[in-house]
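Inspection log for the structure reproduced underneath, given as structure tokens.
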Amino acid sequence: MSSLQFDIAHLLAGSLVLASFMMLYQDRLYALLNVYALHAGVLALSVAWQAYVQQAPHLYITALIALAFKAIIIPVALHRIIKRLGIHREIENVIGVGLTMMAGIGLVALSMVVMLRVTPGADALAREDLAFALSVVLLGLLIMVTRRNAVSQVVGFMSLENGLVLAATGAKGMPLVVEISVAFSVLIAFIVIGIFLFRIRERFDSVDVQALDRFRGERR
Amino acid sequence: MTLDALGAILLIPTISAALLAILPGYMLAARLNIAAALATFLTSLSLFVIEPTSGQYLLLDDLNKVFIVLTTFIGFTTSVFSASYIHHEIETGRLTPAFLRFYHAMYQMLMFAMNLALVANNIGLMWVAVEVATLTTVLMVGIYRTHEALEAAWKYFILGSVGIALALFGTILVYMAARPAVGEGLDGMVWTVLVKHAAQFDPALLNVAFVFLLLGYGTKVGLAPLHAWLPDAHAEGPTPISAVLSGLLLNVALYALLRFKMMLAVNSEAIAPGPLMVTMGLISVIFAALMLYRRRDIKRMFAYSSIEHMGIIVFAFGMGGPLANFAGLLHMAMHSLTKSAIFFAVGHIAQVKGTQKIADIGGLTTTNPVLGWGLMLGVIAIVGLPPLGIFMSEFLVVSSTFARAPWLTVILVLGIIIALGGLFLRVGVVMFGEPKGKTAPAEASYVPMFTHLGLVLMAGIYLPPVLVTGFQNVAKLLG
Amino acid sequence: MNGLRDILSQGAQMSLVLGLAPLLTGFVRKVKARLLRRRGPPLLQPYRDLVRLMRKDVVLADNASWLFRVIPYLMFAGTWVAASLVPTFGNGLLFSWTADLIAITALLGSARFFQALAGMDVGTAFGGIGSSREVMIASLAEPAMLITAFSVAMIAGSTQLPTVAEFMGSDAVGLRVSLGMAFVALTIVALAENARIPVDNPATHLELTMVHEAMVLEYSGRHLALIDLSSQLKLLLYVSLIACVFLPWGTATADASVARLALGTLVYFGKLTVLGFLLAVFETAIAKMRVFRIPEFLGAALMLALLATLLRFVSGSL
Amino acid sequence: MIAVALWSVAALLALAPAGVVLSTRPRGSIILYGGCLIATSTLCVTALSALLYSPQLAPSAILPIGLPWLGAHFRLDALSAFFLVVVNLGGVAASLFAIGYGQHEDSPGRVLPFYPAYLAAMNVVVLANDAFSFLVAWEFMSLTSWAMVVSHHRDAENVRAGYVYLLMASFGTLALLLAFGLLASNAGYDFDAIRASHPSAALTGTVVILVLLGAGSKAGLVPLHAWLPLAHPAAPSHVSGLMSGVMTKVAVYGFVRIVFDLVPEPVWWWSMVVLLVGGPTATLGVLYALMQRDIKRVLAYSTIENIGIIFTGLGLALAFKAEGLDWVAALAFTAAMMHVFNHALFKSLLFFGAGAVLGATGERDMEKLGGLIHRMPKTAFVMLVGCVAISALPPFNGFVSEWLIFQAILLSPQLPSWGLKLVIPAVGGLLALAAAFAAACFVKLFGISFLGRPRSDVAASAHETDRFSLTAMFALAAFCLIAGILPGLFIDALAPVSKDMVGNIMPHQVGLQWLTIVPIAESRSSYNGLLVFLFVALCGTAAASAIHRLASDRLRRAPAWDCGYPDANPAIQYSASSFSQPIRRVFGSVVFGAREIGEMPPPSSPLPARLQVELHDRIWDWLYAPIARAIGFATERINILQFLSIRRYLTLVFVALVVLLLVVAL
């Protein structure tokens, strides 16, 4: 492929990582949701670009899903839920943002190291893509483990999953990509519905506030 | 794809799931459930007679043949057990018919998913199957709608999803690694093709891929420190599901892991997966063994023992070598049979005594001799005492690895004996001494439990050659 | 002919020890009395006592069992056999190989075993005291005895008393430190085993100090006579044991001429006199010790004996 | 021949499920024990003929069970034959005893099914010729006996005993498993292959240590003995007899089979280890026994003592074998084997006697017994025989084997290595101590529980036990005497065994004049139990008749004299603990950390004076308790992981991922 195509793909993937970083230092829920919408948008763009580059029309569907479902529906739904359940607007971090950012940078470096050891046999785009995708995944996990707040944890998971889709689309000619992205959307829908059903205000740990300090079937 | 036995064992559960979803009346549903499971089991038995040809999507080889039969068999016995179990649940009103309809449908869905995971020849398909299995079990774990149940389900759900995500990433990496060698498109995910060309794959990519797969599927296997969902899911869900979880789902996940290990075994430059697996296995064994001591909930205790055994198995495969691999496979089979039998017994006991708290159960061998001694036999089997099957596998694991890696094996042995201490410490309270709790006679179906235990006993004394040859072939492939 | 002679000499040996035992006791008593400036009982008093006791009725405690009545005979027989197996005037008698030093010790052990049982049979407090103290003493004295036997046997290369005696008689021995220790140990054991001062006082009937007497408190008549006789035999046994191991000179061999045998007998009498005298002197010179000092006393014997066996290598390797 | 053996074992195994049914029938126990009696006697006869007439034949068989590619190998060589005799002699006696004794078993369902399986397991251990069958049978033996240990499960003590027992048993099995793992690493699991292989010295050294751990924990070597005095008394008495008299011997068999047979030429330091374990085991075991007041516990501890003696003998055999003095090795080994046989006899006898007492009075505590010789004369008689025999007193069998071991010890100067030269006499001293203590211990056991006056109503109203039990006990007693006065026969019978194991035999005994036994040379040492017995008997009877004829045979009954102040109250008698008080004073503070707390009220006050004694099993305090504490601590700490929040669990996953990625990346 031409270098231009490559650069654009590269740019998009890179900006996805950037978006992850932005999510990492948000401390307001709404802002976080907006950034996530942006994240999903960028993903949709890069997927679409991959579809165009690889002449793989089915990828457009994935892109569409990403755009419609993740960039629009989910954030809106979450906005609603937050309002409905009256969840705190600010996010409690476990460790300070600064430290989190440092950790994030470390993770990105790690993923680069891991991926660049791969022999250039696999074409450059794939390698770059994978490197970025891996860092997005790791950052997503980092968000999940550094936020005490249920919704932000969900958002972290969704960004992680974006990374997966990025990787999947980056893998040229990979079958079942669409199915997988659909399956994942279903999964996420489940989670969101779960949050709504189980009235999860604060954390994953317990299904409602009263149950926060219930014993887990084991305390004496 | 023409409908052969492989297709059938996928089709029967799907159809019956659909039927059960619409069918009112739980008695009938339970019967249909049994019938469907039986049909699946019989079809799977036919695999030994006529071997269907493996296609791009489905395959049959020595590795999965035995496990398909095992899975369908335990699926069948568990459905029998579940019939008498839910009967009691309805009477005590813990479940409503509406939930039961859902329950039965989900049960067949789960069967379908696990069979698919076993026969899938496409790593993508396998991944989807495992995800479906997870989701269905999540729904069933939460079925009692108590705080603990919902929480357990939720925990399972979240950790499981992360696991799924990691596994998918690993799968993608495998595809990436394979693409240069086998070209783009579907072939890049067909397992048989992959394993044929695995020698030329990029080792570095494979390594990263294996890390993700190990963690992803390892979460399902319940290896420490990824185990967190397992004990609660076992403890809070309905007992038939605990039986299926311990007996089958863990195996299926482990099976998926094995498939990839075979791939790595072919590729010489790739890091040996051994050390990673051995480490995680030992951690799981020691951790679970120590966790056994402070348990108060009998189902949760046996869940931890499942973790321990998964650790032993992963250790065996990690050490590799024909004997250890053989032992690992044997241990998988034996553990499924034994552990599900134990959960059958525990389920009935919990119903008779009306509690799962160990402290409130006592003197079982006096009040309910059959149940009591049944569970006793199960526990004797699970801690690896002769003449039952697990003793044989543990004998092979330890004796074949000690000369190679003395200290590792000593750690394993320590874990085994600590676990034995923990289990008997608790079970002694349940079995002996003055009777405690309700002493109603159990209206239980003993057949499944004793069938399993009988099989385990037989395996401990005499292994049928067909099993042996199959396992030995696989053991060679596993390297 | 020869066989007959052997049997005769063996029989002579048995009757000799049986006949001499009370005399030795009487002799020791006499000497002790003299040392204390008393006239003391006549030499033959023990015989008189025995005969008198024999004639008396047996007064048996109500709940005494059959065992209680059998034990005196068992004790007597065991001790007598043991005593007659120790070479006295002659070596290598017909049956001398029946039991070696270890077996002799064990025979005495069984005698004591039954004696201790007898002490507990009637179910009185004193019997219990006696038995429990007796087994405590024995549990130290017997090992000391055995280990002494070991050291002697390791030096002589045999546990057969005749062989030992021959070896000791020969000049292959030389003076060895381990032998000296063994001798001291054996003496201490002998004192303890025969309930002599300082371990026990055969003359006392002070309840709290007696050991041996407490055990036989319930015995009377012929039973008591047998028990006394067997303890006298025991004393004779130990004396002649010490004699044959540590003063082995002058004992005749089995196939020696009658005159030689007679000489051997005389020599033997001589040894008995000397050792008996020494015993009496020792007993008058020393005081009885508290019961719980005894273990230390015997422990010393044990240590000495063990040291003797170990030092044997040192001197042996010289 | 081996076919007969295997069929009888199969019959026993078949009896096990039958036991479940029979336990519900009224006279079921009789049928079951009768069946066991037949099967074991068949085995016994088979093994005996194998040992006496065709020891070098060593027939073998392979069954298509067990490890699929290996099959189950069985072999009946001289060693197996000898131990089969021991096992099944015990089995016959126990079954016969149990025909009577088993009838007042309150929960037969918990004993009957396991008893035949237990017998079968012990037989299979002795017959097995490959690692897998050996270990299966070995652990199955522990399992079935465990089931019978917890048969009286309402007593929490028994359940605890069973727990400790099973734990230690599995520890032993795993140790053996590791040993076999080493041996199998270059030869496979078949014993013949292992024999043929030539492993390195370091490897065999490790194997010997592991085997000492494994077999030793089953046999009850100090410090691995802790379970034994708990478990053996807890089982029904005939099973206790089997466990103490026979199963410990099976453990000895395991040790001999591996260390003398499977691994090549020994190294001298092995024997050092064995001796340094065996001697102290003997002395400590009997010291503990001396301090107990529960009859069956006394017997259990004395088992530890005898195991110590046996292992000392084996250690000597190893030493002499390693230094090439195989004729002495033969002596020591034969002595050890004879002691195996003898101990099986009298320990079973004593446990049966204890069982009879338990059945008659319901008491195991000596302090509640007394005077039984009047109410159970026959039992008392056989118990007396057993006590004399186990105290190693002539003319019974216990003395012969100890005498032989002493003879072997006396040959230690011949050894080149100085370590052994100095250690062996010391060990001999320990054995001598042990023998003396044993005498004291059994004077106490018999004197307190059978002599004197009854200390409780149950003891006063006891009654003689049943025919079958008496038959069994009298048979064993007779064997004790025969083995004591005709040891030559047994020594010669053991010749093929020692030929196989140490490569040489003791001089041929039968046919020497007067049936004397002469271990090395007449001039060195000889013993003639027969003559000693005859002499004692003759002198005794002669004296008796002479006195009765010449002097007087009159006899009056009167109240006890007791220095003038007899007391009617039986409590005045010496009790078990007061009897052992002097020895406790001497050794207790060192060995048990014994403390006597006495409270003497002032002269005026009516309060009774009290004395209570604290004994500690130092080994338990120093070895087992710390382990238990460590486990408790670890579990406490790690248990937190059950209560984390999902986020923390996710963190675990995350950390694991990062770590693994780092591993791969670097």
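To keep things simple, chains are lettered A, B, C and D as they appear, and every chain counts its residues starting from 1.
The rule is short, and it goes like this: a contact is a pair of C-beta atoms (placed from the backbone, for glycine too) under 8 Å apart; a residue touches a chain by one contact, two chains touch by 3 or more.
Bear in mind the structure is a predicted one, so any value in this text is a computation, not a measurement.
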Third chains touching both subunit D and subunit C: none
Furthest chain, CA centroid comparison against subunit D: A
For subunit B paired with subunit D, centre-to-centre distance based on mean C-alpha positions, whole Å: 44
Gap in Å, rounded to a whole number, between the CA centres of subunit C and subunit A: 99
Chain centre separation in whole Å, for subunit C relative to subunit B (CA means): 78
For subunit A paired with subunit D, centre-to-centre distance based on mean C-alpha positions, whole Å: 69
Shared interface positions of subunit B, touching two or more other chains: 154-155, 158, 162, 208
Residues of subunit A engaged with two or more neighbouring chains: 114, 117, 141, 144, 204-205, 216, 218
All chain pairs that touch each other: A-B, A-D, B-D, C-D
Subunit D-facing residues of subunit C, complex: 51, 54-63, 65-67, 73-74, 76-78, 80-81, 95, 97-100, 102-103, 106-107, 109-110, 112-113, 116-117, 119-129, 131-133, 135-136, 138-143, 146-147, 150, 153-154, 157-160, 163, 205, 207, 217-218, 221-222, 226, 291-292, 295, 302, 305-306, 309-310, 312-313, 316
Of subunit A, residues touching subunit D in the complex: 94, 107, 110-111, 113-114, 117, 138, 141-142, 144-145, 147-148, 153, 203-205, 216, 218-219
Residues on subunit A engaged by subunit B in the complex (per definition of touch): 114-115, 117-119, 121-122, 126, 130, 133-134, 137, 141, 144, 157, 160-161, 163-164, 167-168, 171-176, 179-180, 183, 187, 190-191, 194, 198, 200, 204-208, 211, 214, 216-218, 220
Touching residues (chain side subunit D, partner subunit B) in the complex: 64-69, 109-110, 131-132, 135-137, 139-140, 143, 150, 153-154, 156, 159, 162-163, 166-167, 170-171, 174, 177-178, 180-182, 184-186, 189, 631-632, 634-636, 638-639, 641-642, 644, 646, 649-650, 652-653, 655-657, 660-661, 663-664
Residue ranges of subunit B touching subunit A (in the complex, touch as defined): 124-125, 127-128, 131, 135, 147-148, 150-151, 154-155, 157-158, 161-162, 164-165, 168-169, 172-173, 175-177, 179-180, 184-186, 188-189, 202, 204-205, 208, 232, 235-236, 295-297, 300
